[in-house]
Amino acid sequence: MSKSAPDTERELNDFYQEADQRHLIPLWKVTAQLLPAEPQTKVLPYLWKWSDLRRMANRAGDLVPIERGGERRVLGLINPGLGGKYAATHTLWAAVQIVKPGEIAPCHRHTAAAIRFIIEGDRSYTNVNGDKCMMSRGDLVLTPNWSWHDHGCESDQPMIWMDGLDLPLVGDLDAVFFEPYPTHAHPVAQINDSERKFSGPHLKPTWEKPEGRYPPLLNYKWEPTYQALKKIGEGAASPFDDVCFQYLNPHTGGPVLPTIGCYIQMIRPGIHTQAHRQVNSAVYHVFEGRGYSVINGTRFDWERGDFFVVPPWAWHEHANEGKEEAILFSIQDTPVMEALGLYREQPYQEHDGQQKVIGTFES
Amino acid sequence: MSKSAPDTERELNDFYQEADQRHLIPLWKVTAQLLPAEPQTKVLPYLWKWSDLRRMANRAGDLVPIERGGERRVLGLINPGLGGKYAATHTLWAAVQIVKPGEIAPCHRHTAAAIRFIIEGDRSYTNVNGDKCMMSRGDLVLTPNWSWHDHGCESDQPMIWMDGLDLPLVGDLDAVFFEPYPTHAHPVAQINDSERKFSGPHLKPTWEKPEGRYPPLLNYKWEPTYQALKKIGEGAASPFDDVCFQYLNPHTGGPVLPTIGCYIQMIRPGIHTQAHRQVNSAVYHVFEGRGYSVINGTRFDWERGDFFVVPPWAWHEHANEGKEEAILFSIQDTPVMEALGLYREQPYQEHDGQQKVIGTFES
Amino acid sequence: MSKSAPDTERELNDFYQEADQRHLIPLWKVTAQLLPAEPQTKVLPYLWKWSDLRRMANRAGDLVPIERGGERRVLGLINPGLGGKYAATHTLWAAVQIVKPGEIAPCHRHTAAAIRFIIEGDRSYTNVNGDKCMMSRGDLVLTPNWSWHDHGCESDQPMIWMDGLDLPLVGDLDAVFFEPYPTHAHPVAQINDSERKFSGPHLKPTWEKPEGRYPPLLNYKWEPTYQALKKIGEGAASPFDDVCFQYLNPHTGGPVLPTIGCYIQMIRPGIHTQAHRQVNSAVYHVFEGRGYSVINGTRFDWERGDFFVVPPWAWHEHANEGKEEAILFSIQDTPVMEALGLYREQPYQEHDGQQKVIGTFES
Amino acid sequence: MSKSAPDTERELNDFYQEADQRHLIPLWKVTAQLLPAEPQTKVLPYLWKWSDLRRMANRAGDLVPIERGGERRVLGLINPGLGGKYAATHTLWAAVQIVKPGEIAPCHRHTAAAIRFIIEGDRSYTNVNGDKCMMSRGDLVLTPNWSWHDHGCESDQPMIWMDGLDLPLVGDLDAVFFEPYPTHAHPVAQINDSERKFSGPHLKPTWEKPEGRYPPLLNYKWEPTYQALKKIGEGAASPFDDVCFQYLNPHTGGPVLPTIGCYIQMIRPGIHTQAHRQVNSAVYHVFEGRGYSVINGTRFDWERGDFFVVPPWAWHEHANEGKEEAILFSIQDTPVMEALGLYREQPYQEHDGQQKVIGTFES
């Protein structure tokens, strides 16, 4: 004898109530939420103006000392879509850091890996495990997972750089470990040692043995990077990104860090790229020039110094309508997606019923 | 001329207020929160009793049909520490699924990868991309990232199994894609085909070429697994886990899925393991026997059918004080930690100051 | 003013003479010889009858003791095409070894790697680095590069097995190192330890860490191998090899040794395979049954115990016209070709002008 | 009843005679020969003077045209120890090639891989699969396994370079395939394209996907290589090789070819290295300067342009007693040894009984 509808409804309610009490969730009630057709990211596209960032950084320099405990004078970009999470995208931390003449940001290490991309100043350094890496505008400096590092400024002008970390991801993974160095600064064992050994193009010293995926080169200098951009820019490039390099770990040919890919990109004058979308997120810093990006249909105008975010699976294209080259540096969580078999990308086509998706065991 | 303290305080407050408005966070205010000495997980150790799970699963079978949209009749374990997140640990989904005689859970695919570990019933199957994998108690069945799959029960008794997915992780990474199959069930191209080809111990058919990291074997049968457990159990084993196997992808020698490691473990009678902790999290299912685990100082008694969670970086040890073997199946996010260079483990020592940590470029 | 022909000829002769004196070769004189369109191997297809091999092995047992210096009672198969080179193919050594009751072949190690495939006898063993691997008919036992090994017979009957080594290759590479163990036999640390740990199908003990490419499993037992052959043989197989497994290194999913691939193959009753050719060479041992292979147009009839060679790039097909299954074990230098980017294969087609070649950056 | 000695001897002789007839070798008779304590190479250390090589190359230019069939105007270095084998070492071909103004050496491809290292001339090129690589002194140009290539000289002076191939190895492996291109020269699709894309230091264009181990960079230019040598030479280097770089495949971080490692090495003024030995063989070309090497106790004085061979497992040290830097380019078969698990090296110590050997599962 079948039950009446109200009976069943009451039984269902009882069931749901007990499930809740027993820390169980009936999947069928949340399937649509958990398994959307495409990623429903909360990450928003957003742009921070350099005029603000620079002013605020200098203001912080006036107001706040660098001390143990606080450790760094850093302004982190907070994505407005993430409900207060300390993150530029769901996985990436991006920030502006300032060190003033004579200061040393105290030595520590953490399992979150970091990159620095130098925006202004010189005669400053990051000391990575005793290798004092001297930094200038345009340099990319790595402090891999669990390497000791302190930063100092030996100039009479402050240095400002971009910080990029995988901290939101490593935090979400419950894998953050941190340790302060016993003294304020790590002893300097050598100066520019990794750069001395690994700056040659696709050359490695025979007596240096790889240590797992630890990157042997810690400072990718600007000048040869720029020369390479100019040279490759003499010919054809990507329809989606124009001229774009990924920085490599010389020992593996892979990304510089297991969790962060670093890219340097030139949008040549007159170029307007095709749109595409990728499952990874990105934080861009405008190193030189001006232009704009269209992200999910919204135009973001950018100029030298600005930062902006491209969320996961967001259509994006870049344009440079001026006469000068525009250069973008970016950090992206692509290596994470590739390592976990989740990478996807898709070119935009106006009439698309059958748009090709590349990735996730489909290629 | 130096400013008075109240002046500075007001300036700082103004600064903090502007930072907030401009979507910037001064790192020094949150350093301690973002960079703890050790992971501060919200994941709680917790145990679900099989008597409840089984009763609730059967009750769901009485009350709820399997339909497109809801897709599956699944009760997900919700970790009480995660504030309502649909997850057993921060990265792992674990659940109990029931399919009744004659039912077919509709075919779909998603970028979240899944495993099934069969608890009771037989003459049921998972059809993975057309390979109909017949399932019995103790079998481990894979539905890798983006593979079509439907489940059916051809028995006169329901089948109940454990589901394990990387859904919380893939969700946090904004990488969930989902697609329903055009019809209710995928055509069956063959029966037990992967098992036919790859069931041999450390053998592969020469005519099958690997497709990236896609696992060629989809069904790891119970009987040979158990025989291997018995055999290895005749000698020495791990001080921390007693007898413990990881299931392998035959083509790579690595984990069965890029995001989920699967383990089968026997705690032999009389064994009480040493404690250790690992950066990964785990969900255990008690396949056979009884015993207990001490997790961060709390004892969890378990018996056949129970599920329990070991949080990241939680001290844990296992004990079997009975006369019968105890067998635990578990899913762990270890492959994620290893792929991203974040894996760590530490053996417990009572008086140590200098406990050795293994991993993260330290080994 | 041009020279007369005889002048030029004399000058050329003088030139060639000086080149020869100065240890120089004018390439243009030998291009056709050095760069043939296809491999011009000297390796001949050849078959050794088991009746002869067995008789000779036993005769050797009567006549020759096992002693330090000679080290082993082994009859090596000499390919008739190689001008006396001690080799079955240009890269592979294959042989029949006999150990009599109570004998122990003295312990040594060498950089040439070896496999044993057991033909008759039991209660004998190979002690590999202290792990005493008990051997029976059909077992595959590895002694990797530079591992200590001695062999003993504890039965009242002799044991006879096939030896397979990469000795001709390692010799040609000038990379043979050899060391006798200080005493006659290596101490036994455990019995069947690798087998205890790694006999499970696609399972590995979590507490055993890989040591590079050193294979963790040293004894691939016959019974589960045969069961796997039977099972896979219930369905479709390779058109060229019928049912054929490669043995795997569990830690890598690759070949058991960097230089030798091991294969077990079943030609089912009524099967006559299609011909193909591969750049690698092979030595086959007929483990069970009878049949024939056509190698470059010549038919070689084989039966239980026989050995035969398939040269590089030789067309070959296999046939079993009887009612019983035929089982072939083989060693092949395929891993060498793959590691060096030289692997190629080609299916035979009668009218082919455009036969597809697979491999060498062409695929 | 035991036999008398003469009886046994006759039986043994009969046995050996039958073994020989049946194409069998009793191992115990040849153990010492096949398994020496250390490699017994026939490769001799040898030095070719540039004054001879250059004169002979130019003389060949006068006497011999470049034609289909002969294919190349090349003088190969023949190691005097190898009994006439066309090889500089057992595995490596090294040679001097000359192309005169207006000539094009016809297009072909082969499975032997090749490198060119330019000694004199400019405005010449190697066209690799349609990428016209312009060459100058000091450039390293690759023609990987099975890539089409022709060489042309557009200057009014001849170009002379070093050829390095794995031809002896690939020949010994019976894996040589050769194919002439249908026409004399391959169409030029682009000029310096790989160099345009990959010349940046540890940068790769994001839109270029790796094709297996095929090296994406075909021309390693001299100038940045030299700058890198100078820079690394400002600090500490290898005690055995002084300053020494290996050229890398950007996509893998490994050797430029699976079979040939390429090295550029600077012996700084006043340096006399420590001796060591390695299982691999090497052919050196003296690019700049003068000095000497002591190989197995014999001193070989070298100056600009000379070639010399270091045999496998030969003690060797290098000295530069002058005031100018000396630069050596070399090809080595190290990647073969590493791929096959056979690599070993050993530092020299005067009183050593216990010299440490590195490699072959011993490290």
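Letters A, B, C and D mark the chains as written, and numbering starts fresh at 1 in each.
In this section, contacts are C-beta pairs under 8 Å (C-beta built on N, C-alpha and C of every residue); 3 or more make two chains touch, one makes a residue touch a chain.
Here the structure is a predicted model, which is why all the values come from computation and not from measurement.
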| item | value |
| --- | --- |
| Centroid comparison with chain D (C-alpha atoms), farthest chain | B |
| Between chain D and chain B, distance of the C-alpha-averaged centres to the nearest whole Å | 50 |
| Chain C and chain D: spacing of chain centres that average the CA atoms, whole Å | 28 |
| Intercentroid distance (Cα basis), chain D paired with chain A, Å | 42 |
| For chain A, residues contacting two or more additional chains | none |
| Chain contact graph, described as a line, ring, star, complete graph or other shape | ring |
| Chain C to chain D touching residues, read off their complex | 8, 11-12, 15, 18-19, 22-32, 34-41, 43, 46, 48, 52-53, 56, 59-60, 63-64, 67, 69-80, 86, 90-91, 95, 108, 110-113, 144-147, 167, 169-179, 211-214, 257-259, 279, 281, 311-313, 333, 336-337, 339-342, 344, 360-362 |
| List of chain B residues in touch with chain C within their complex | 190, 193, 196-207, 210, 217, 220, 224-225, 227-229, 231-232, 234-235, 237-238, 240-241, 243-254, 263-264 |
